[in-house]
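The first chain written gets the first letter, and so on, giving A, B, C, D and E; residue counts start at 1 in each chain.
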Amino acid sequence: MTFTPTELEVEGAQGGEAARDNAPPSPPASGRRLARAFLKDRAALACSVYILLVLLMALAAPLIVKLSGWGPYEFDQSAVDPDMAGLPLGAAGGMGAEHWFGVEPGSGRDIFARIVYGARVSMTIALSATVLTSVLGVVFGLTAGYFGGKVDMVVSRVMEFLMAFPALIFMIAVLSALPAENRQFLLVGVISFFGWPYLARIVRGQTMSLKEREFVEAAKASGASSGQIIFKEILPNLASTIIVMTTLAVPGYVGTEAGLSFLGVGVVPPTPSWGQMIASSVPWYAVDPAYFLIPGACLFLLVLSFTVLGDRIRRLAETGGARA
Amino acid sequence: MTDAPGTLLRARNLVKEFDVRGGGLFGRSARLRAVDDVSLDVRRGETLALVGESGCGKSTTARLIARLVDTTAGTIEFDGREVQALTGKDLHAFRSEVQVVFQDPYSSLNPKHTVERIVTAPLVYQRRPIPGGARAYTGALMERVGLDPDHSTRFPAQFSGGQAQRIGIARALAVAPKMIIADEAVSALDVSVQAQVINLLRRLQDEEGFSCLFIAHDLAVVRQIATRVAVMNGGRIVETGDRDQVFDTPKDPYTRKLLAAVPRIRPEWDAARRRNEAARRAREQEDAQR
Amino acid sequence: MIRFLLNRVAGMVVVLFLVCLFTFVIFFVLSPDPAVQVCGKNCTTEAIDQIRANLGLDRPFWTQFWTFLSGLFAGRTYGTGANAVECAAPCLGYSFQSSQPVTDMIVQRLPVSATVAIGAAVLWLLAGVTAGLVSAVREGRFADRFIAGLTLTGMSIPNYVLALALQFLLVVTLRWLPFPHAVPFGEDPVQWFMNFLMPWIVLAIGAAAVYTRLTRANVIETLQENYVRTARAKGLGPGLVWRRHALRPALTPIVTIFGMDFASLLGGALITETVFGLNGIGKLAADSITKNDQPVIMGVTLLAAFLVVVGNMVVDLLYTAIDPRVRVGSAT
Amino acid sequence: TGGPSDSTGGAGDDPVAGGTVHMLQNADFSYLDPARGFDGGVNAFYRLIYRGLTMQAAGDAEDPNAIVPDLAESLGTASEDGLTWTYTLKDGLKFDNGDPITAAEVEFGISRAWDPEIGIGSPWLKQTVDAPEDYAGPYQSGDHPGIETPDEHTIVFHLIEPFPEFDNVLAQPNAVPFPVGSGAGDEFINDVIASGPYTLDTYTPGSLIKLVRNEHWDADTDDVRKAYPDAWEFEIGLEAATIDERLLAGQGTDVNAIAGKIQAATLPRVQTPELQDRLIASPAFCTTYMGMNTTKAPFDQVEVRQAVNYALDRASIQTASGGTQLADPATTIIPTAVSGHKDFDLYPSEDYAGDPAKALELLAEVGLEDGFSFVLDIRAQPSMQAQAEAVQEALKAINVEVELNVIDTSTYYETIGTPSQQSDAAITGWCPDWASSASTMVPPLVDGRLITEKGNTNLAQLDDAAVNARIDEIKAIADLAEANVQWGEFDEEVMALAPMAPLVLEKGLFLPGANIAGYHPSTSMTDLAIIGLKDPSQG
Amino acid sequence: MSEALLRVRGLTVAFPTASGPGEVVKALDLDLDRGGSLGIVGESGSGKSMTSLAIMGLLPKGATRSGSIEFAGTELTALRERAMRAVRGDRIAMVFQDPLSSLNPYYTVGTQIAEAYQAHRRGVTRRQARRVAIAAMERVHIEDAARRVDHYPHQFSGGMRQRVMIAMTLSMEPELIIADEPTTALDVTVQAQILDLLAEIRADTGAGLILITHDLAVVSEVADRIVVMRDGDLVESGTAERIFTDPREPYTRMLLEAVPRIDDEIGLLRTTAGEAES
């Protein structure tokens, strides 16, 4: 989320756009061809499978946990060694038929169950934050870009202000000062509050160049109102940008949630989240590496999957599926 | 062509200034006068051609007339109504009476919309019913501009430049306008395609009787289509007159310079070619007869 | 040019004012009573009132805000009588928990943050731009795909995971590096370098990945530009073409992002500094949040915002130097 | 001095003079001003810089909890009525600038505790020494009316009421001399004026404190402080995990390093003989407990509170607190190591694993066998969260649902100490202000007259006439030994009412560097003044 | 005069497509004498640019070329990249269609002209190169060349930019200038000036010229010989006079018919496609 082109760059891009306008646009890739190209892309496929798996895990958490036999909050004192500071008994953090991914030191809670429930938190927060930022980003970006002038100035200043803000410091300060109830909503709110300008900025830039395209003028000449032009004429042209940006935003938010939980201002215990699990595993990394590696790997793979997927979708959108 | 005499559009002393740079608190409000005291008339059924070099203000004039931008000064009267004062229903009515065909067909057609959606957009935006349904209406329009009606669900990028420009014309015709403004409508096209589009425009004008404000910089093309010609230079109109008068006896030095710069195939070559052509035809005819 | 500067500065002032106001409002609303904190564990209601009066906390919001703003420019005095403390301009506030003006605390830690930021920036710029250029000119080949894999990985590792993993590997297991603790350069350059190496790497990896992708995309795009074809048509060698004609224009947008990234890093690499125990501004922020030392949190927030805003402006100015098309002050 | 010492030696080796001891710590000291700071960490630090009239005995003393004279020639002499305490200063006492320490300086330093902005540290002086309502410290109100200095060597304190343990009050960190007129505003931080064996050399807040010898400190006047090292370096702001790693590794100067308790996760790694040799355990001086708000239903019913005490699985809480080596299950309020402790368990269960059946019986008596739910305030700190989760899990067995309310560390005590903001229950720890007595251990937790709007320590908000009367009764006992026995009895009486559930006693394990000697840690305050290096040439 | 400067035989340019290689230039033959001028005409997409780029060895990525290109006796297709670089700019120079996008906006025009010179003349100092640049700009009639040499491309008008492009080719005194639609982006008046300039240069230096355009009227004013292309095929070639007076191929005839002439009679325009105008 460091893409923060300044105004000048946006202006520069416009100039470039104009020069490139002469080339006939490539035909909008047909959905079926894109799907085919996508299916041929093994990396993208693997990533989608992993994401789906995590999603499924999140949705069916109670069911899965029934199968594995241990709930996410159940203590299992017999699985840890009270004489050794509660270190899990057995190799690899207590992994075995009983506890598939081992247990948490101290409490003996089942790591598998916590991973499964943690996926719920991570996905819910990341996806809701993505939806919220996308809506905010698109609406403000479109409005600012299309109307320009004063509206643009106000929106741009607000965006500049939000982007200038040291969001992390602020999020921690605010979250730690606010009461812990509804922490998940707060997380989504705070993340989105600081997140939308990044999309808005790009949407604004594109809108500014799109509105110079003659089809906007043609619509105007046909009697379209501003709202109709924005939502019926311009918005469809932003679809691929928005899709790409949102897929690329999800991993960012998964990471942010995990980071905030890591810093102790995320979800409230005993609710598990991957970030929280990583945070609590920090002191144990030398004696119980599995405790750190499992949530660490799950998180890394999830972020990687979304990133790769976003990347592939972007490429598909750019090349119209001509090259996979 | 002359069955509806009288003036459809009357523009007087149009001025348009743009703010260049500026913005912000300390921006210098330098103003650029893109159109400077332009007056012109378009009569019913005629084609007025507006020519001049790049950046002289042709497009801006057109956009003023189509009320796509607001004037800085001057009046525009269309069919007896003051264009600048139109609002609501009247504006919608005006929007259906004046339509614009743009230079770059791809840029002026929304790449994410199908032909059907593009062509019916003016009716939709003006909240008017589509006679006979969108599909049938689009089909009919496409046929009229020489496109295959089966292609109504295609996207602009799936058409060639000339075909795409026809979609633009079809859109303009969808509301049965009284005037079409063609802003460099053929400049981006290959010679042969250019000819097709011009022929199409001319034919449609004959059939429908709309007036046309035809903007171009290619004088040879202009000569083919214009009834009258207005020459612009530096935001002003330097000369207006009937086509033949402007081309044969240009008054303004700028017009003369423009005419002189037009590259031409040597007339003697053309003459020779025509002779050869005629001879060949004759020969062919003979062969055929034989 | 002057006009452009003035405009830019005006915009900056507006944004900074917004930042001040917003921060102030939020902390005004959210924070627990600072007087209670000053008062300590065993405190009476009267003592709190007394402290509130001394600190001006009983005055209306706008008065307090105004005092804060004017303190920024003219300095201010906290408290009254013998216990009054001076806070010289630019006064970002006074931390009663550590009995120091916030400005001093920040200034003390700036060198560490600057070292961290500069080192990381050098690293990620070098790595990112080089990898991006290589990737672009070798588009589609093995090197490109390899680098793409690396960058995706780099972008996906949360930096605290990376920091912990590196520390575990390089320090605990392999013992190649010492546990990071800031040593002044003058004292022992080798130690200094070894101490900062890990934070630099951790901070640089994510950014380097982003910069690689950006450079790659930009270079590939500029390679399609007509002027690159012109350069080749002139008979220039590939080195010159890539360096002079493809890379330089491709770097321009990178400069814009770099300004902001660097500035925000300077304003505190919170997680990295905390994990490595480096006493920079990020650590200061983290500590202050833990201690709920509100003036410091506010001060750091303001400073970070200020840096980003100024960074942005510097970038805009640089931009005009780099890109001759952006002629400020003259209409093109 | 020194010469090469036996490097394989354990803690038994004796410290010698010289070298620098490094202290690795996560958090900065709260305040360098002893009138402000008041917690275990900083109290130990003050011991190196400041001297008071009395002080806690050395960490290696026979009774480390005893109070011994410091600047004073002997402990105080109380008047008949116990309202006047007189002390005489030793000769040859000096500040680090060479100025003599006289009674005036002692009075001035002590009266700083009354300044509303500075005197935010230990409350005991203000609670015991008589002063007018409006006295606001020496800067605002001048001389302290309750302290007399008849001559340069004599200081007389007038108390509000008899307080047999007054020597303890003067051992508090804020009862130290200050040059008259100094230490106001922000002048303090720039020039710490030391009376102890060390003085401030460098201070970089949040990162480094360096102490060097105070040349004017005279070892002959000081029976307790040994001051072996030439200098101290406090490395601040290190991650807990990093500190432990450094101690384990013991590279470079880290052989001369000491730190606080090791983390639970480090314990499995100190199993080698060499490390076991270095490992030093200290008993707990604090009790971790869960206070139940008796003003809120259903904790207003004693059966419910008792049921909770029965149901708690103290074994799992112990594991969550680091297992058997780092914690013991607590059944009393007064910890084992604090004078006055009495061993009892009113709510026994097998292996401390809880007795849900008994608890359910009790709940059934009040018709709550189907359970209830309550909100538990906890601090945003991993170990406390783990304990809370164990509580939560254990109470599920008696159908009690616990909702955790995580409060940021910085505002935690303020929140739970404000009855209007406090939830149904809270987990926290409590330590005596001085380990020699239980008088500061139990009463603040249960004395109904101490309930205040802010800074309340009686989390249960128990206001029981019998309890209050009993407190007064024991406090009046002049014989400290007898009083301690009574406090133990009192502990049991209070636990019968179950206003709280003691959870665990958190012990400490320390891992000083291999070259450290004279290290006698304690979870409440480690005596830094007697620590030294075995071989100053190392590290 | 009759010595061959460029001899292209069977030039084929192909792009890989989903359905095998797609040939965009098919077995093209071209001949140009020393000092001669050749016009290549054809509608958009007929492969004109690809032909010129194939000669320069600057085809876009993925394109393959085959056939023979003989330049002043050297077989260009056999040259290694390094040797080809020595030819480019020095002996064959190219002027592109869009002068703004073909000049690097980040460098002054002087730098860009000097750069070409320095690339081919070893040991040239910066100062010398700059003097060459100024001289070249003077030759293309840019006033105040000594000052304007330090300006950036965006500070010039379209016509002047095109002059700069031409100046760039001039500094090297090439034997062959390839101009790919050098006037398409320009106004008629400016176009006339540029065409005049090209003619003047050719007369001065004796360089050969390949002029690529879709405007028949333009070639008719400049070229001695003409090649007509369509869909990558060579339709017809011959002297300008022959093509214009006696076009043999129907396509050429149609193309000529379609050109609107300023002095044509008014009437229905003819089109190449001949598609039904219903």
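By our rule, a residue touches a chain if its C-beta (ideal position, glycine included) is under 8 Å from a C-beta of that chain, and two chains touch if they have at least 3 such contacts.
Note that the coordinates shown come from a computational prediction; the quantities given were computed from them, not determined experimentally.
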A-D or C-E - the one linked by more C-beta pairs in contact: A-D
Per Cα centroids, the chain farthest from subunit E: D
Greatest separation from subunit C - chain, by CA centre: B
Inter-centroid spacing, subunit E versus subunit D (mean Cα positions, whole Å): 89
Computed distance of Cα centres, subunit C from subunit A, in Å: 23
Intercentroid distance (Cα basis), subunit E paired with subunit A, Å: 51
Centre distance in Å when subunit C and subunit D are each reduced to the mean of their C-alpha atoms: 39
Set of subunit E residues in contact with two or more other chains: 98, 101
Sites on subunit D at which at least two other chains make contact: 245, 408, 410-411
Shared-contact residues (touching 2 or more other chains) in subunit B: 23, 161
List of subunit C residues in touch with subunit A within their complex: 11, 14-15, 18-19, 22-23, 26-27, 30-32, 152-153, 155-158, 160-161, 164-165, 168, 172, 207, 210, 214, 252-253, 256-257, 260-261, 264, 267-268, 270-271, 282, 285-286, 289, 292, 297, 300-301, 304-305, 308-309, 312, 315-316, 319-320, 323, 325-326
Residues of subunit B touching subunit A in the complex: 23, 63, 66, 68, 91-92, 95-96, 98-100, 102-104, 106-113, 121-122, 125-126, 155-158, 161, 168, 171, 175
In the complex with subunit E, residue positions of subunit B that touch it: 53-54, 143, 146, 161, 190-196, 198-200, 202-203, 217-221, 223-224, 247, 257-267, 269-270, 272-273, 276-277
Residues of subunit E that touch subunit C when the two form their complex: 56, 58, 85-90, 93-94, 96, 98, 101-108, 112, 115-116, 119-120, 152, 154, 165, 168
For the subunit C and subunit D complex, residues of the former touching the latter: 32, 36-43, 45, 47-48, 50-51, 54, 79, 81-86, 97-101, 105, 108-109, 167, 171-172, 175, 178-179, 181-182, 274-279, 283-284, 287, 289-293
